[in-house]
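Next come the structures, one after another.
In the two complexes below, chain A is the common chain; its partner is chain B in one and chain C in the other.
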Partner chain A sequence: MSLIMEGLIKAYQLLISLDREILEVTWLTLRVSGTATLFSLLIGIPLGTFLATVVFPGRKVLVSLVNTGMGLPPVVAGLWVSILLWRYGPLGYFGILYTPAAMIIAQAVIASPIVVGLTMAAIQQVDPKLKRQIVSLGATRWQYLWLVLREARLSLLAAVMAGFGAVASEIGASMMVGGNIKGHTRVLTTATVMEVQRGNFGLAIAISMILMVLAYTITFVLTHIQQEGGKS
Partner chain B sequence: MRADVLRNPGPPIEGGREPQLQAVGLRLIKGGAMILDIDQFTLEQGDVLGVIGPNGAGKSSLLHVLALLEKPSSGKVLFAGQDVRYDQRTLVDLRRQTAVVFQEPLLLNTTVRENVAAGLRLRRLPIQQIERQVTHWLGRLGVGHLESRKAHTLSGGEAQRVSVARALALGPKVLYLDEPFASLDAPTKGALMTDLQRVLRETGITTILVTHDFTDLPYLVNRVAVMMGGRIVQQGSPAEVLSRPDSTAIARFVGVDNILTLGDDIPLDSPLATALQENNTADRGDVVCLRPESVTVHPGPLNPGSRMDDSVNLRGAISSIDPQGLYVKLTGDCGGFPIEALVSSWEVTRNNLQKGSEITISLPLQALHVLRSP
Partner chain C sequence: MFSKVNRISVGASPGAKAALIAVLLVALMAVGCGPQETEIILATTTSTYDSGLLDELVPLFEESSGYVVKPIAVGTGKALALARQGEADVLLVHAPSAERELAEQGFVIERRLVMHNDFVIVGPADDPANLAGMTSAASALQHLSQEEALFISRGDDSGTHKRELSLWSLAGTEPAGTWYLETGIGMGETLRVASEKGAYTLTDRGTYLALKDGLALDILVEGDSAMLNLYHVMIVNPERFDKINATGARLFADFLLSDEAQNIIGDFGNDKYDQPLFIPDGGKSEDDLTG
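Let's look at the complex of A and B:
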């Protein structure tokens, strides 16, 4: 119990004193996971839309692959991205292993299948009769997709939340491709693990609290937008 | 409503118009079943066609094929005389000359105003023109005051009005209405039908109305096509189809309750049989059809003054009374065969008609429709 109290007090102190290091770590977490989510949306929404609306041979194989990918262990994603970015790996030329860029790539790999899968589901949930009405209004192929996506926008926000939630909370990939380098690739999750290993439980709890508050705040904002959109 | 069924002739038919929509050798096969099988179909400009038929007759499938929302298995559709090619560009181009209202309002999750503007925006019309048309049609359909409301906060009737306004705002050459009143309660339906009727008469938009309710027809349409089993089995004016059905199946569907075979149901010595045989209008084995609205019921025996030459009068007694809303369906036993009559509840009260009451039933000869046995 005293441990938790100690953690809460520590967290309060860190936040109040605007601890420079903690702020940097928090800001990097936001930047890396936010950018990764953005990339996963750029990849996932078009791909999910394609899989939901176009029938082609092999579609089921691809859909199953996406569904498996939604549960992709971050460690596995981290491992493969590491191998690719290794100095002597296929993409080693860029020399971005152990940089925030590598973390963004790994996290985008984790979030993309989630966004693809949820986008697919969101589009398939739009009433087929409404889709027919959109066609009858004289929509071209692109206008049709745009209107259907707009109808599915509340479910798409769920995809954004799920994607961001998954990458902001993962640790395996960030550790593997980022390396938890102080002032460079340290994010809230890797910092928490490190402090636990050092025996600084109070600090670990404090950092985890900040992560939770961060995740909650972002989800709250998105949920607010979603619910307002559904209601008013 | 019932009593008006035969009286309202609908918009006048003009001669020499261009065909707006045609179909030739149309077949639609789904899962091995023949959904549509139509040799010839023509809809002329300005026609308001009612398509009626029982569930599963293929009415909605026909509408979807004609609205270019579904490709037929074989055969062709001609739009304004031109063969429809099923490529994306042609389809979008032609669909932009049409509008469809379905049974459900199917509004987009946005404001009422944006919904009515939706189709116009897809056509990339100038903003001012869109605003003008949207305002006009919101007003015409009586939903102008709802323009900033979100679509899903509307009642069923309001939403369907918005859906109709959205369709009319497109200024379509052909308007397709797929059971647009089926989910509405009676007063809501009546009000929307009145408004729609006015708009159709003023604009002269070529229209196809699919409905399972034959009482909708006389209000809105000038032509009727009856569908059964994927085929068009009869076409004509509402009065023709409702009073002179081509078969007993059609007769039953359009509410002709009196379908009697001469010599079988009607004894050959009945005054009705005599009258029919005298005029040589019917022989033994022919089927006599008569709408219940055309039957007049008099209490007791008929006094000589009210006897009419063009009617057959039958003495009998009421065998059942079945209230149907504002009307009452009476069944009279007229010497061995039943005749059904639809009369107002007021008449029943005034004449104190009860089960077993002595009555005289008048059948106007002109209203009798005979289906000759083959």
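Let's look at the complex of A and C:
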């Protein structure tokens, strides 16, 4: 119990004093996971739309693959991305292992299947009558897609939240490809694990609280947008 | 009807592909190409990192040299594996026999002693296997296996795990059975598991001291020369791997052995634990300590 109190007090102190190191770590978490989510949207929304609207041989195989990927363990993503990015790996030329860029790639790999899967579901849920109506009104293929996506926007925002939530909270991949290097690749989750290993439970609790507040704030903003959008 | 929808959206596939490729390219370009010459990848053991020693040393070196050190804190087994693949520039590790093997195979060069501390066997205060006061690690372990007292092993190919295995073989026993558990995780976590389960384990003194307050474990066996814990620095052989930052690695190794760093090592932990966590050995060799 005293540990939890210590953690609460520490979290409060860190936030009030705007501790520079913690601010940097928080900002990096936001930047890395935000960018990764953005990339996963750029990949996931077109791919999800494609899978939802086009029937082709092998589609079920691909859809099952995406659904499996939605539960892709972060350590698996981390392992593959680090093997690819090793100095002597296929993409070693870029020399980006242990940088935020490597973390963004790994997290985008984790979030993309989630966004693809949820986009697919969102579009398939759009009323088929409406789809028929759009087509019969003579919409071009791009107009059609735009209108269907617009109709599905509330569910798409849920995809954004799920994607961001998954990557901001993951640790395995960030630890493996980022290395938890102070001032370079330390994010809130890897810092929490490190402080636990160092026996600084109070500090670990404090950092985990900051992570939860961050996740809540982002989700709150997105939910706000989603609910407002629902009214119009 | 659906065929029409299908026909309409087939056009999305090249678009999707293009977006995918564009994203990958942007991701790679956004970060600048090519490895940075000023970066040094230091593969090290969790004990130097989790104790906080590197947090004191690395910024000093970075300031004076202009290099950026990226410490990757992994078990010694993984650190050595990284060296074997040319994925690290410099190592600070504690598994002498495995290091010698790596040096003989030409993967690492310029292996030098930096500091030492020792391993100790810790266990619950009530000490059900009566280890307290024993001075030989091998006979303590023999005793543990006879009593089948719960023992927690790192089981992760770390320096501590390698040492534990060599102590078991010194004891002439094969640890196996329900009393022998392997965690596969770091030292701090393993100590906590041992503490919660009222079990024995082998630990480096530094990690134990750093975490002692939260643990229900006492030092029971210490002082055996077989439990000496030696930390060596070595650089990955640049003749073997062209991407090694040998200049930076050598500078960092020299820094660890400089008077400045050796003094910091000697003082580190004094204020918090009333004893240093590591004893600096700059300029000495393994034989000076074991002989």
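Brief remarks follow.
Basically, the second predicted complex is superposed on the first by the 231 of 232 C-alpha atoms of A that agree within 3 Å, B and C clash if a C-alpha of one lies under 4 Å from a C-alpha of the other, contacts with A are read in each partner's own complex, and residues count from 1 in each chain.
One rule holds for everything that comes next: a contact is a pair of C-beta atoms (placed from the backbone, for glycine too) under 8 Å apart; a residue touches a chain by one contact, two chains touch by 3 or more.
What you see is a predicted model, and the numbers here were worked out from it, not measured in a lab.
In the overlay built on the shared chain, the residue A:Val213 is in contact with neither chain B nor chain C.
Once the two complexes are laid over each other on the shared chain, residue contacts for A:Met5 go to neither chain B nor chain C.
Contacts of A:Arg141 after superposition: both chain B and chain C are touched.
In the superposition on chain A, A:Val221 makes contact with neither chain B nor chain C. With both complexes placed on chain A, chain A has more residues touched by C than by the other of chain B and chain C. Contacts of A:Glu151 after superposition on the shared chain: chain B is touched, whereas chain C is not. Once the two complexes are overlaid on the shared chain, A:Arg132 sits against chain B and chain C alike.
Shared-chain residue A:Leu65: touches no atom of chain B or chain C. The contact surfaces that chain B and chain C form on chain A in the two complexes overlap at residues 132, 135, 141.
Contact residues on chain A toward chain C in their complex (touch as defined above): 39, 42-43, 46-47, 49-50, 53-55, 86-88, 91-101, 104-105, 108, 131-132, 135, 141, 144-145, 179-182, 184, 194, 196-199, 201. Residue ranges of chain C in contact with chain A, taken from their complex: 1-2, 4-6, 8-13, 15-16, 19-20, 22-23, 27-28, 30-31, 33-36, 41, 46, 50, 52, 55, 58, 68, 70-73, 85-87, 186, 188-189, 210-211, 213-214, 241, 243.
For chain B in complex with chain A, the residues that touch the partner chain are 67, 69, 88, 92, 95-96, 98-100, 102, 104, 106, 108-109, 118-119, 122-123, 150, 166, 170, 176.
Across the complex, chain A meets chain B through its residues 127, 129-130, 132-141, 143, 147, 150-151, 232.
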